[in-house]
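What follows is a pair of complexes built around subunit A, which joins subunit B in one and subunit C in the other.
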Partner chain A sequence: MRAGAATLLVLADGRFPAGGHAHSSGAEAAVKAGRIRDAASLHRFCAGRLHTAGLTAAALAAAAAAGTDPLALDEAADARTSSPALRRTARRLGRQMMRAARATWPGPGLDALAAARPKGAHQPVVLGLAARSAGLTPLDAAHAAAYENVSGPATAVVRLLGLDPFDATAVLARLAPDMEEVARRAEEAARGPVEDLPAASAPLLEITAEQHAAWPVRLFAS
Partner chain B sequence: MHLDHSTTYPERHSASAVRADGSRRALRVGLGGPVGSGKTATVAALCRALRDRLSLAVVTNDIYTREDAAFLLREAVLPPERITAVETGACPHTAIRDDISANLEAVEDLEDEVGPLDLVLVESGGDNLTATFSKGLVDEQIFVIDVAGGDDIPRKGGPGVSTADLLIVNKTDLAPFVGSDLEGMARDARQQRGELPVSFQSLRGEPGVEPVADWVRARLADWTGAADAPRPEPERAAAHAGHQA
Partner chain C sequence: MTTATALPVTGVRAHARITAAPDGRGGTALPLRSGEGPFAVRRTRSADPSRARVTLVGAMSAPLGGDRLAIETRVRAGAALRVDGSAATLALPGRTADPAHWDVWLQVGEGGLLHWLPEPLISVCGSELRQRIRAELAPGARLVLRDEQVLGRAGEGPGRLTSRLTVRYAGRPLLDQQLDFGPGAPGWDDGAVLGGHRAVGQLLVVDPGLGDEPEQSRLLGETAAVTPLAGPGVLVTAVAQDALRLRRVLDEALTFTSW
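Then we have the complex of A and B:
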């Protein structure tokens, strides 16, 4: 049965218990380096993230939701993530997403991937499969992936900088057309072969993720 | 949409009492409470008191460092492979209550890697008086406050003080120096907690952590007593061998 907007809201809710709250998606390193210091710089960070790592994640999620072999997508995600720290984070969050998804929308597709990757598949792949199990479309999955790609750092920056939460949420609202565009492109790409999926990445995010993973004191896990 | 039953499947995501192979999993005890009340010191003392007879592991939830895990490692209360630190993204209460997935994974990984375990202690990051553990994560919870944090804390109540399975009022040796009224604290605690137990503790002298260790042993006896079949002795002995380090 085809699920509707309410189901997508449940999946995309920042309170969906899949571990995201402990991660800043690179925002903590960017705050420390002075690259994020106010709403305008948060907007630039989120826009950059959305059109690079966000597009790649949204396409992986859309492809998984469309029924593409999740193990092939997991491999494709590995190939698209050059930082070992980010691969570890993606698998850890994938495992946490899997637990929440199997409790909320159980299904054989999720069970099979959980059995094949007990320590976690890449999070966007699991997110896409969760969307499929919930009866959502590939475009829905791409929207959820695009949204969480920017909502995570925005929430983290509220905690890190004491940034006005209204300003942070306004940044997200202004990014909505970008999210729509990224989701549309991701869904379109997901109709093609796995090797042609977007492979956009942000080198600075990869470099700072490696540095952040070695910090002795930090607020966020990534 | 595929939805199977109205009840979720605890074995897939939460604190199911049995392992995948049907045996009863370790008892999970949470320790929460304000910053500096002595949670880590109590965990360390419990490990020393219980490690010779039980197969133990600890999960810590630090706020922004891995200090607590580092302390337990430095004190060598357990071999390092039995201690796991969970990072909480500046929200320790979220990690033990609203989104318990990282903690559940830490507990399950410990069972897989160093198990079978009898007991897992899950220590929360220091937080406020409203922080409690999800029942999806722990079976029993201990709330630790101390006499120096203000003797009005039991009167103020809150979910931790009022509902924890055991309330520890720690650092009683400091009471004369900070002017805390222990009898008043006991009276207020009784008012808030009814029949639920309260333990006044000082780790600086005898009997130290022993009354709390007894409480944990009793909960464990209840837990294992409810199991269909106790674990055979040889397997237990093997599980203990790792503790002598």
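Then we have the complex of A and C:
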């Protein structure tokens, strides 16, 4: 059955129990380095993240939702993530998303991937399969991936900087056209072969993820 | 070679080819070495006699907008080749609005060894270049690849530079990364991507002896990291204020990541 907007809201809700709240998606390291200081620099950080790592994740999610072999996508995700810290995070979040998704929208596709990758597949691949299992479209999956790519850092910065939550939400609202564009591009790319999926990457996100993972004390897991 | 009068319409199309093969005496021969248009492919003296060395010499300013340049390098099983460059490559605006294309194809056979160490690519203000580097490595092949990008000459803004690096090892994807900088690339200059830095580089070392994630990541100062890939490779990623500082970091990494 084809699911609608309400199902997408359930999947994309920050309260969906998939563990995302414990991660800042690079924002904690960027705050410490002085690259995020206020709402304006948060906006620019999120825009850069969205059009790089966000596009790559959204395309993986859309391809998984379209029925592309999730193991090929998982391998493609590995090749697109040079930082081992980011690969560990993606698999940890993938495992948590898998548990939540199998309880919420059980299906053979999720079961098969869980059996093949017991330690967790890359989160965007699991997100895409969850969307498929829920009856959502590849474009829906891309929207959910694009949104969580920036909602994570924006929420984290409220805690890290004491940024006004209204300002953080306004940043997300202003990024909505960018999220639409990224989701559209991701969905379009997901119709092609796996090797042609976007591989957009952000050098500082990869470098600072390794720095952050080495901190003895941190507020967020990544 | 395309004549100057044809430039405004189509730009230059040029294709260089290098093939390295074992010479049967423990060294490496170059059965094919052809260049045209913007590049000359010179055999140069190798510090190590078992390895052949080739230097790419820029014979004219390129790539200009509209140009389509390609280089294909094959290292056959058991051969060893080092390719370097005589000077930085400048991506320049052309007389057409079309982007320039620079395609690099690298193929290394079983037990082969390739050092691909060109000089930096400088994206000049107003230029638009799409760089594509593809490497196909057979099982047991080794590769050292350096890719340095400098955004603008001193005191100028950058052009648009899009670059994708795809490396496959034994038929499986090992590394796939796309970078997009300059006017029109969303968010490229801020905290997530470059954070105001003007030089970015990667040094990739692929070696089957590395196995699956055997090594720990390592930090090189505040803006560079050495990261083991999910397959038999290590990637150094660095951002820096300028080309000199970038090279210093990558050179430091080269000494402990490879042979």
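By our rule, the second predicted complex is superposed on the first by the 222 of 222 C-alpha atoms of A that agree within 3 Å, B and C clash if a C-alpha of one lies under 4 Å from a C-alpha of the other, contacts with A are read in each partner's own complex, and residues count from 1 in each chain.
Heads up, the rule we're going with is that contacts are C-beta pairs under 8 Å (C-beta built on N, C-alpha and C of every residue); 3 or more make two chains touch, one makes a residue touch a chain.
Everything numeric here is computed off the predicted structure, so don't read it as measured data.
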Partner chain in contact with A:Arg44 - subunit B first, subunit C second, else both or neither: second
First (subunit B), second (subunit C), both or neither touched by A:Arg102: first
Contacts of A:Val158 with subunit B and subunit C, given as first, second, both or neither: neither
Touched partner set for A:Pro84, first subunit B, second subunit C, both or neither: second
Touching partner for A:Gly26 - first (subunit B), second (subunit C), both, neither: second
Subunit B versus subunit C as contact partner of A:Glu210, first or second or both or neither: second
Partner chain in contact with A:Ala202 - subunit B first, subunit C second, else both or neither: second
First (subunit B), second (subunit C), both or neither touched by A:Val150: neither
Touching partner for A:Thr7 - first (subunit B), second (subunit C), both, neither: first
Subunit B and subunit C footprints on subunit A, overlapping residues: none
Sites on subunit A touched by subunit C in the complex: 26, 30, 33, 35-36, 41, 44-53, 75-76, 78-85, 87, 178, 195, 198-207, 210-211, 213-214
Residues of subunit B touching subunit A in the complex: 1-4, 8-9, 12-14, 63-66, 86-91, 94-95, 98-102, 104-105
For the subunit A and subunit B complex, residues of the former touching the latter: 1-3, 7, 15, 17-24, 92, 95-96, 99-100, 102-107, 133-135, 156, 159-160, 216-221
Of subunit C, residues touching subunit A in the complex: 164, 166-167, 172-180, 185-195, 200, 213, 217, 219, 222-225, 227-231, 235, 237-239
